[in-house]
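As written, the chains take the letters A, B, C, D, E, F, G and H, and residue 1 is the first residue of each chain.
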Amino acid sequence: MALMDDFVLGGRKLSSRLIVGTGKYKDFPTMKAALLASGAEMVTVAVRRLDLKAQGEASLLHWIPKEMVLLPNTAGCFNAEDAVRTCRLARELELGGENPLVKLEVLSDPATLLPDAEETLKAARQLVSEGFRVLPYTNDDPVSARKLEEAGCAAVMPLGAPIGSGLGLRNPYALQMILDQAKVPVIVDAGVGTASDCALCMEMGVSGLLVNTAISGAQDPVLMAGAMKLAVEAGRMAFKAGRIPRKLYGNASSPLSGVIGSR
Amino acid sequence: MRATVNGELLLLPEGLTVLTLLQHLKAGKDRVAVERNGAVVKKARHAEELLAEGDVLEIVTFVGGG
Amino acid sequence: MALMDDFVLGGRKLSSRLIVGTGKYKDFPTMKAALLASGAEMVTVAVRRLDLKAQGEASLLHWIPKEMVLLPNTAGCFNAEDAVRTCRLARELELGGENPLVKLEVLSDPATLLPDAEETLKAARQLVSEGFRVLPYTNDDPVSARKLEEAGCAAVMPLGAPIGSGLGLRNPYALQMILDQAKVPVIVDAGVGTASDCALCMEMGVSGLLVNTAISGAQDPVLMAGAMKLAVEAGRMAFKAGRIPRKLYGNASSPLSGVIGSR
Amino acid sequence: MRATVNGELLLLPEGLTVLTLLQHLKAGKDRVAVERNGAVVKKARHAEELLAEGDVLEIVTFVGGG
Amino acid sequence: MALMDDFVLGGRKLSSRLIVGTGKYKDFPTMKAALLASGAEMVTVAVRRLDLKAQGEASLLHWIPKEMVLLPNTAGCFNAEDAVRTCRLARELELGGENPLVKLEVLSDPATLLPDAEETLKAARQLVSEGFRVLPYTNDDPVSARKLEEAGCAAVMPLGAPIGSGLGLRNPYALQMILDQAKVPVIVDAGVGTASDCALCMEMGVSGLLVNTAISGAQDPVLMAGAMKLAVEAGRMAFKAGRIPRKLYGNASSPLSGVIGSR
Amino acid sequence: MALMDDFVLGGRKLSSRLIVGTGKYKDFPTMKAALLASGAEMVTVAVRRLDLKAQGEASLLHWIPKEMVLLPNTAGCFNAEDAVRTCRLARELELGGENPLVKLEVLSDPATLLPDAEETLKAARQLVSEGFRVLPYTNDDPVSARKLEEAGCAAVMPLGAPIGSGLGLRNPYALQMILDQAKVPVIVDAGVGTASDCALCMEMGVSGLLVNTAISGAQDPVLMAGAMKLAVEAGRMAFKAGRIPRKLYGNASSPLSGVIGSR
Amino acid sequence: MRATVNGELLLLPEGLTVLTLLQHLKAGKDRVAVERNGAVVKKARHAEELLAEGDVLEIVTFVGGG
Amino acid sequence: MRATVNGELLLLPEGLTVLTLLQHLKAGKDRVAVERNGAVVKKARHAEELLAEGDVLEIVTFVGGG
C-alpha cells in the first residue's frame, strides 16, 4: 500500500524521500541501475574541473535519468569562498533557473570530513542573498541547524554520522531537538550504513535522507538501493501509523481467558 | 599568451574568446561552466569574452558526488 | 525491485517473511485489511473454548483470507501438558493434515509473559514425537534454542523483547549467537515495536519475523502493517546486498581532487 | 445427565452424542474441536461417541491470537 | 566517605560487594596483589584433579589471604551429575562446615561457555537438598532466575555477557526484571569488561558482582582490581543516593537571573 | 590503591579530576558537605549582580573550603560581549592574578541551554588576547573543539548531554574524535547523570569531568558526590590499567582440563 | 544624581565615588567588582573614581553556579 | 593391584588405604579430597578405607578459577 504524502524541498515537489549521490560507483551502468532502483527523484552531483586530458570521455550526465532533479554540491570545499564560487559555477552548469538548488557542503578537514559549521553558515548567508535555494550539510548541533534555518536555508541536513562511516544515527537526542525546532524540512545527510538506519531516521519524523556511500559501497549496490527505497517508505509509513509505546512489561496478544482446563 | 587554466599554466594563441578556448581545448563534449579571474562568464557571453594575458580560468563540469 | 528468495518454514514454501497475528484488533474488518496490507502468507490464531452464550457470532475464520496458512498457537498455556492438549485440538480444528504446524508457546506467568524454556522443551519433544511441525516461541538464550532444534523443532523463534513490549531487539548479541549455530530457520517472535525493528533483525540474517501487537496496537494498524511489510523486505535485501563496514572515520563520497582554486 | 462443558457444569438430556451435544448447544456455526475427558474426539466419531454422566468436555474453536 | 551497608550472601556477612576469581593470572604474586587491591572478601576457586606429576609445586591456597572466604565453583562441568560430585568434593576440601557455599556453574558447551539452565536447575535442587548454600551462575532469563530462587538457592547470579567476553551488561531490561522479582541477592557474574560496567550494574540495584577475566586479563591486573573496587562502591553509593531523572531538555545549574546587562 | 597522576589545567596542578559546581543546592551546609565529599580541588562559581536588597546575607564564599580553586563561569551569557565583560569582572572579583582562569559558557537559548559555538569562539579569541586562561564549554562537534584549541584555550570542555539532562554521554563517537585530535586537556562538562557516566568518560581517556546538577539534584547530594569521586578515580584507573578486548565469544576463567570424570 | 545600578535607576547623593557608593549601598560585606559604563573599575581606583549623572553601574559578586 | 586414579590406570602395591595411597603419590603437600567409585571418602576415614582392585579414584584440590 502506498502512502501519499509528497513534500516540497527547495521548491521541488517530491514523492520520494530518498535523495542519492552519484559518487564512487565502480562504473556508470551500475550507478544508473542503482539510481533507478532507489526510486530517487533528486540526485547529487559534484562540480569539478574538466579533465583537459581526458578527450571524449563519457559524461556523468548521460547516465543520470533525465527526469531526475540534479542537486549540485560543493563537496571538496574547505572554506565559504570556494563554496560560493562553486555554487555560482553550478548555477551556470544547470543552465540558469531562477532559484537554483545547491547542496552546501563546507568541510573542516579531509581526515574527519566533518562540516565546518562556521564557514557553512557564512556561505549560506551569501548564497541565500544571491537567490540560491540552499540545502546545507551540517553537524548535529541544534544551534547550527537553527542558525542555518534563520539564514534562510530551504532545509537543514544534519549528519547521522561522518561521511562514509556507516555508523548510522549516532545521536538521536540531537536529531530530536533539531526536529522539535525546525520549520523547514530536516534531511539526514551522511552516516547511513544500511536500510534500518533509514527506517529509524524516518520514524523519528525527518523529511528525508541523502545517501551515497552506503549504496555505492555495498557489495550489491543495486540491491542495496532497492533496500533503502523500501526502508525509507517503511519508516515514513511507521511514523505516520503511530507506533505502540515502549514498556518493560508487555501485554498478551492472545486472550488469556477461555484456555482449556481452566475453571 | 599565457593563462592559468584549471591550475595549469598554458601557452595559448592570441585573441581567444572563452568560446574559442573551449573549442581549442576540445571541451565541447560536456556541459561546462567557466570562471574567469574569480567571476563566472555566462554562456551567453562566451563568444564575446576575450581572454587576456595572465588570466586565471576555471572550466568545470559535473562529476559523480554525494 | 523484488528479491526472489523464498524460504521453507515447517514444510510450507513462503515468499513473505512476515508472519502476523490476529489478536487484539478493534474489529474484524480492520484485521482483514491489516492482514492484506502485511502481505503475510501465514497468520497465527489462538485456540479457545467456544463461547456457549455467543450465538451466531461472526467467526474469525470468515475474516482471514483463504490463501493464508493458519498457524495455531498455544498462547495462554502455562505448562507442557496444556500446550500439548491444545495442539491436539488445533490439529482437529485444522481438519487433520499430515504434519500440522503449530506455534508452541508455553508462558511462565501472566506478568512477564516470558516463555518457560523448560516446559516449552518438554512439550516440543512430545509434539515432535506425535508428528507435529513445531515452531517454538522461546527466550533469547542460545542454549534453549539449540535444545529445541535438537528436539526436532522446525524452527526456533526467540523473542526480541517481551510480548507486547515494543522494545525491539534488546539483545543482538544473543540473537547473533543463535544465528551462528542454528541450522533451522530463526524467526524473531515478540518484542517488535516499529518498522525499523523488523529491518534490523532481518539485516542480521533471521529468516523472518512474527508480529502482532505492533500492528494491531498501532494508531493506524493497516498503515503499520504496510510499513512492516516493506521493512522486512528492506532488511532482507540489505542483508543480501552486503552493507558497508562501520568505521569511526569515513571516506568522501565526492572526489577530493579537481576542486576549483587548488594548485 | 450432568457434564462439565468448557468448565461449566451443565444438566443435559440423556443419550447425547458429541454431535447432538453440539447441535443442542447450537455450536454448529463454527469450526470446532472436542476433547472428552482429556482425549480428542475425532470429527469422524462425533456421531457415535456417546456422552456419559460426569464427562468433562472441552469445545474449542479458533480466535484471534498472536 | 564510606557507605555502611553490609549484605549477607550465603550466610556470610560481607562489606565488599565485589567477589573475584583466581583464574588466569600470569603468576601467584600478581594474583595475590590483585586480590588485595580488589578489597574482595570472597574469592572463587575451581576444583580440579591433583596433578600427580607436579611434585612440590606451590599451592594456590598459600597465595590467597587467609581472611578471604573461599567460594568453590563447578566450572568445567557440563552436566548436573558432575557438578554435584564436584560440590561434594569441594565440601570435603573445605574441611566440612555445616552449610558449605558453592558457586554452581553448569556450562552448555566450550564454545559459548553459556550456562545450561536446565542442568543447573537440576543440580541446584539436589545440592540444596544436601544442605549446600548454592550460588548459581545462570543466563539472564528472569524465568530461570525465579526457578533457581524457588529451588532454594541463596542468590541468583545472571551473566552480564558470556564469560570472558568483556561486553558488559548486554541486556539491562532482563536484569531489571530479575531484580524486580528476586527476594534473594542478585549478583552479576561474567561479562564485565571494565570498571564502568560494574558501576552501571550496581546502580541498577544488584547486590554485587563476580569478576575474574576483566581483572586477570587486564594489562595491569592490580590497577584494574583497584578500579573495580572503587567502581563497585561508586555504583552502590549512586544507587543509594538517588540519581536525577533523565530528560531531553535540561535545566541551568547557574541562576539565569541577575546577569549583567539585563533589564 | 591510589593512582598518582596529577594533571595541569589552566596552569593549576590538580590531583582530583572531578570539578564540581556550586549551583542549585538546597542550602550552603549541604553544598559544603558535598564539595568536601567530592574531593574536588576546583569549583565553579557564577558571577551575578549583587542583590542590593539582601542585606547581610551569608556569602557563598564563606562556604567554599579555602583550599579549593575558584573557577568563575559566564553562565547566563547569550553572546560573546556579555561573556567577555563577565570575565573581566570575574578577574576583578578574584583579586587579579596574572592569568585568571575562567569557564567560558555562552549559551544559545534558555530552552536547550546548548552552547553557541560561534559566539563562544568569538569570546574565546578575545579573552585569550587579554591573558585569560579559558576553559570553554562547547558542543560535542570535534571541529568546534579544534577551533577553540587553535584559539589558545587551555582545555576544551564538550558536553556529554545538555546541561541538567542527566542523559550521560550521548555520543561517544564524537568524544573519541575530540580526544584523538586534542593536545589540551578534554573535560566532559554537563550531561552526567550518575556515577557510571563519569567512569565511562574517564575510561575513554578524558582528563576530567565537571559536574553540578547530578550532585546537587540527587536525593542525597553528599552521598552522590562521594560516588562521583570514586567513579572518576575508578574510570581513570581502568583507563590506565588497559581493559580486556570485547568479543562475542568469551574464554573460560577456570581451566577446562582436569575436570573429574574425564578420560 | 541619577544612575542605573544593576539595572535599576537610583537617585543618589552628589559627589559619590565608587567606594562611597558601595558604603551607601551597604555592599561592603561581600567581595564585589564594579563596572562603570561598560568598563571595570579596578579596586585600587574605587576611592578616586567619581560617579557622574547617568552612569550605568554593575556591581557583581560570586553566586553558586555550575 | 590396579586402580584408575584421576583418569589414569596405575599399578599400585597391595593393601593401600586412601591415606597410604596419598603418601605413595606424595600428594600430602596440598589440601586434597578423595572420591572412590563415585562417593567421597571423608578425611576421617582415609586411614581405614582400603582400596580394592579396579577402584576408580579421583583426587582433587583447589586451583585458580572464576
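Just so it is clear, a residue touches a chain if its C-beta (ideal position, glycine included) is under 8 Å from a C-beta of that chain, and two chains touch if they have at least 3 such contacts.
The model shown is predicted, which means the values in this text are computed figures rather than measured ones.
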Chain pair, E-H or C-E, that carries the greater number of C-beta contacts: E-H
Where centres are the averaged C-alpha coordinates, which chain has the largest centre distance to chain F? D
Averaged-CA centre spacing for the pair chain F and chain E, given as whole angstrom: 32
With centres defined as the mean C-alpha position, give me the chain A-chain G separation in Å. 55
Go ahead and note the Å separation of the Cα centroids belonging to chain B and chain C. 62
Two or more other chains in contact with one residue: find those residues in chain E. 21, 23-24, 46-49, 73, 75, 85-86, 89, 112, 161, 163, 167, 173, 177, 190, 212-213, 216, 248-249, 252-255, 258, 260-261
Chain G, residues touching no fewer than two other chains: 7, 35, 58, 60, 63-66
Touching pairs of chains, which are they? A-B, A-C, A-D, A-E, A-F, B-C, C-D, C-E, C-F, E-F, E-G, E-H, F-G, F-H
Going by the contact rule at the top, pick out the chain C residues touching chain F in the complex. 173, 176-177, 248-249
Mind listing the chain C positions that touch chain D in their complex? 21-25, 31, 44-50, 52, 55-57, 59-61, 70, 72-73, 75, 85-86, 88-93, 95, 163, 190, 210, 212-213, 216
Contacts from chain H onto chain F in the complex sit at residues 6-7, 35, 58, 60, 63-66
Could you please specify the touching residues of chain F with respect to chain A in the complex? 108-109, 112, 114-118, 121, 139, 141-144, 146-147, 161, 167, 170-171, 173-174, 177
List the residues on chain F that touch chain H in their complex, please. 252-255, 258, 260-263
